[in-house]
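In the two complexes below, chain A is the common chain; its partner is chain B in one and chain C in the other.
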Partner chain A sequence: MNIILLLPAIFLLCLVFFIPLLRYFWLSLHAYSVSTGLELIPNGGVNWLRLLEDDRFWITTFQTVRFACVSVSVEVVLAIFIALLLDQKFKGIGIARALTLLPWALPTTIMALCWRWIFNTPNGPIERLISLVSNEPLNILSDPHLAWLATVLADIWKTTPFIALILLAGLQTISKDLYEAFRLEGGGKLQAFFTITLPLLRPYLLISLMFRLAQSFGVFDLIQILTGGGPAGSTESVATYAYINAMRFLDFGYSSTIILGGFIVLLLLSLFAMVFYVYSRKIFISKL
Partner chain B sequence: MIRNKFLLIILLLWSLCPFFWQVYTSFCSSESILSPLLNIDNRWTLQNYIQLFTSEPPFWRYLLNSTIVGTTSTVLTLIIALPASYALTRINKVFATGFKLFFFIAALFPYVLLFLSLLEIARALNIGNNLFALSLPYASLSLPLAILLLSAAFNDLPKDLEEAAKIEGLGLFQRLRWILIPLIAPATASTSIIIFLFSWNEYPIALTWISKPELITLPVAIARIAGSSVYSVPYGAYAAATVLGSLPLIIIVLLFQKQIIAGLTQGAVKG
Partner chain C sequence: MIYPLIIFISIAYSAWSFTHKPIDINILMPAPFADSTSTIVDQYNHENKGKVHINVTRGPLETEAVSDLAISSLLLGASPFDIILIDVTWLPKYAEAGWISSLDKYIDIEEWNSLISGAQDGNSYKGNIYRWPLVADMGLLYWRSDLMKEPPQTPNQLLEISRNLVQDNQVEYGYVWQGRQYEGLSCVFLEVLHAFGGEWLDDNNHVKLSSNESIEAAKWLRKLIKVGASPKAVTNFAETEALQVFESGQAAFMRNWPYAWSELQKDSSQVKGKVGLTLMVSEQGRPSASTLGSWGLSILQNSHNKKAAYQVIRYLTSQASQKKLFTDYGYTPTSEKLFDDVQLISKLSILPELKRALSVVQARPMTPLYAQISNVLQVELSSILTANKPAEDAMRLAKDKTKRIILSSGS
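Up next is the complex of A and B:
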């Protein structure tokens, strides 16, 4: 009887997760684009061979992984500080927590447009400040390195509060007595942070790391609005590359191959993260 | 303490500054945006907002569309997730753990990668350009998180309670409707708000499913405004659009801060 209640949920999840993945695999083995008249023509592994030789795919994958790793690690470090800061009791802390969460709650397209205006050349506030000291504009969004930094900065702005709140939940499960005992033993505040706070936060760090790494690997809205993948593809992500192949070049077979390829990279990345997690336990325990 | 408050103010400034900048820009006339230091007469204007409301379709239409999608997705998710979460706490432990692991992985999955297949489903079933149909993928994508949060809440209820109701002769549906679901109302509220925010903010699926201008949701509308003229500078209009688009969410976040924070933290603790 109980299993019947679960069936609708399982049916829907199969519809949006399993069937799409199988369908991608099926499409990736076919030529399926405007040039085939939108007919499925089996072409063996041609799509996959093309993917292996497609420099742009590998550059894009590298950029996506770099984006995910850099932004998520900065976010986690910042989030630890923010969580500590929000883990206090005084009047108005609820409002403060809600306000710091605001960037996360806004649609990514809105906040990406906000940042595009801030990074605008020559009318954005940053370029205006630069123009006071130098005659050379930075051209933030047309310089590959600066444009990449801009996407990272906007992502940090948006998702750090989310991680901070998850870590805050972790902080609130740690008994204050532990700190008291540690202080009586003569331990300093910084030491308490490394011997109590950080090890006990590990599960929360793991959850937020896994979630954020997976999500930022699929970064799409932010890139599309802020830089459009440019300049010269330097901020392109796997999702925007797949999107362009499907919706602009109308090559659905190859787009599916890109998506699956990206998915495989993500799986390998998660595997690597798991190994790192197990290894980090050893480091933490040896410190205690 | 003083130092902490100071740091907190810096944090709030960092979080809110981009937004204040938008509010400021949205009231500037285009001349004053281009030359902010000049002293001109028509510095402030409501023109940007007027333009948004007189355009075709008017801007409130997008807010309405997003509200419709957000509400239907939330309701649909709850209808499916509540019984499923209950069932999850009543079946064999091994199966339950297996299902939870599956839901957990599904919740982590970067759903953006599914856009192409979901678009094919929309075409095959001929349900593109329909706001109610859009809630189908949104509900499905929200299910994993919703079920994890709600089953944790069901799990916290004492078992005796349901036994007592059973002895009183209440059927499964009655027990759920009158006893169990009311008791987990706080968790349901947090879950609903998080799903509502997700559906309101979702972009890639809305972008591919909806093409009629009068049906697009707010994030897509913002993206269209952003893409319409990359090299000219109608930034006043952009800013007005982002301010109006953010207002409902700011109100939601301030009203439901407790539920949102509870939902997120529950997700972390139970996950």
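Up next is the complex of A and C:
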């Protein structure tokens, strides 16, 4: 009986997840590009060998992992602060919560266009501010070291509210009695945060970490509009690389391989996050 | 008795209306083209009422987004379009994929030969014509006539004049161009490459990117930034950014397409009446080169009304239409005769200069792999300009990668 009730969910999952994945896998075993006249020709895993030897795929993967790890870590730390703030009782809390969510509600494409203007040299507001103190413009989007930080900053601005929202929901499940008891026992506020709040937030942290890791690993629209993958390919992500292979180069076989390669890396990354989660439990318990 | 009659009449009526239904010709165009051709399309629809009706789908603004839209629909096999307006670089790819139809059997060779030679380029693939040009397009050098008497002729002059003007605080930036990592950078480089006597691919598809001339060309672009003849910000400029800076009077030179001319003549432009345009600079004794842009109309393979579609194409590209598009929107004509039209020249004095540029156009490599090889070049050039990669290393890498792409495709 239970299985029957699960069937719709399984069906849906197959439809939107397993079938596309299998199709990608099947395509990745074929030459399927403009050079083959868009005919499917089995090529016995040549795409996969090419992926292993493709420097650009590995550089792109490194850049994507770096982007995902840096932006998600900063977002989580910031989101904890924001969630704690929004959990307080003060006048206008409803408005404050709504305002915090605003960046999350904006479409990424529009937001990315705005950031492109903000980071623009010579007329963007940041460069204008810099020009007050220095004669040398920063050329943010023209500098490979700064451009990727710009993409991280734009991502943090946009998605921190999302994590804050999840964490806020988590905070509200923690009973106030716990804090009361802790205070009566003579514990300080900071101590309470580390012994009560953080351990009890762990499941919520895991959820947001998983969500955000997967999402930032697939980053596409932000990069495509803000930098187009440049300068010098320094902001290219796995998704934009797969995209140009499919839509610009019309090489669908290899593009599918890139997507699957990225998928495997993401699985490993998520696995790492899970291990970290289990391990963090040990740390907290040993503290108690 | 009455029922059979009603049935008969309704069948007859539907048969009549079916056969007399106007043929629909659906065209996909980037938004700016859809807007500029709208009055011509309306006029056609008015003249051909009940026979042929053109529906224009207003595509996205950005060039590549239009390609994405077209490709998505073509991949699904049943594209709703009969005609698409395509960029010169898409043609080999679309032709090789079998998406567009050869126009050879419709073309009157005399009509074709009435096109100016620069406009005839970039429409053929493997000996067949696939596209009729709507607008000719090529890279030009814009210069400020209030800052100098004559435009520079050689790369060195361009660099020196720009640097001096910046140092004398006459302008904030010297020479602005398209240095962002995207197709525009390949277009800029192709011109500089030929200015130094280099080549991208030779006639036998051999990659020439690591030749001395190519390295010299790449170094010159970097030098522009190093010595302050161009701002470092150009490495994130596309056409729009370059135009904005030039239009506001902040720059002395700009590399751009002909469309910029009409923008610079608007009242909002700070340099109205102070701009000249000329060919891209080149080393002494070498001809200038101008990258061939151009948009043209192609008929899709799965269109059911190819003949009507061809009539529509010829209407949209007729001399009358070209005149209108040139005077109203500054679209460069494609018909040779119009370049010598005294009336047109009196309206827009740049016409002879455009003709001169069209005589030195260089097409980007006509291969279905173009997007790949251009992407390789863009990334390497961007590394030279922004990441201080030595030009020798970057160009050799660009050559090796390009070679591999060509080899692995089997062509």
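FYI, the second predicted complex is superposed on the first by the 275 of 288 C-alpha atoms of A that agree within 3 Å, B and C clash if a C-alpha of one lies under 4 Å from a C-alpha of the other, contacts with A are read in each partner's own complex, and residues count from 1 in each chain.
What we mean here is this: contacts are C-beta pairs under 8 Å (C-beta built on N, C-alpha and C of every residue); 3 or more make two chains touch, one makes a residue touch a chain.
In this text the structure is predicted, and so the values were computed from the model without any measurement.
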Determine, under the contact definition given at the top, whether A:38 touches first (chain B), second (chain C), both, or neither. second
Is A:137 touching anything from chain B or chain C once the two structures are fitted on A? First, second, both or neither. second
Kindly classify A:231 by the partners it touches after superposition: chain B alone (first), chain C alone (second), both, or neither? second
Go through the superposed model and pick first if A:3 touches only chain B, second if only chain C, both, or neither. first
Once the two complexes are aligned on chain A, which partner has more residues of chain A within touching range, chain B or chain C? B
Using the superposition on chain A described above, determine whether A:247 touches chain B (first), chain C (second), both, or neither. both
Look at A:129 in the shared chain and tell me whether it touches chain B only, chain C only, both, or neither; answer first, second, both or neither. neither
Have a look at where A:267 lands relative to chain B and chain C in the superposition and call it first, second, both or neither. neither
Should A:52 be classified as contacting the first partner (chain B), the second (chain C), both, or neither? neither
Set intersection of chain A contacts, chain C complex versus chain B complex: 120, 123, 228, 247
Where on chain C does chain A make contact in their complex? 64, 67-68, 71, 93, 96-98, 172-173, 179-182, 231-236, 241, 244-245, 250, 368-369, 371-372, 375, 378-379, 382-383, 385-387, 389, 409-411
Using the touch rule from the top, collect the residues of chain A that touch chain C in their complex. 33-35, 37-38, 120-123, 137, 139, 141-144, 228-234, 244, 247-251
Taking the complex as given, what residues does chain A use to touch chain B? 1-6, 8-10, 12-13, 15-17, 19-21, 23-24, 82, 85-86, 88, 94-103, 105-118, 120, 123, 125, 128, 157, 161-162, 165-166, 168-170, 172-173, 204, 207-208, 210-211, 214-215, 217-221, 224-225, 228, 238-239, 242-243, 246-247, 252, 255-256, 259, 262-263, 266
List the residues on chain B that touch chain A in their complex, please. 4, 7-8, 11-12, 14-16, 18-19, 21-22, 25, 33-34, 36, 80-81, 83-84, 86-88, 90-91, 99, 102-103, 106-121, 136-137, 139-141, 143-144, 147, 172, 197, 200-201, 203-204, 208, 218-220, 222-223, 225-227, 230, 233, 235, 238-239, 241-242, 245-246, 249-250, 252-254, 257-258, 260-261, 264-269, 271
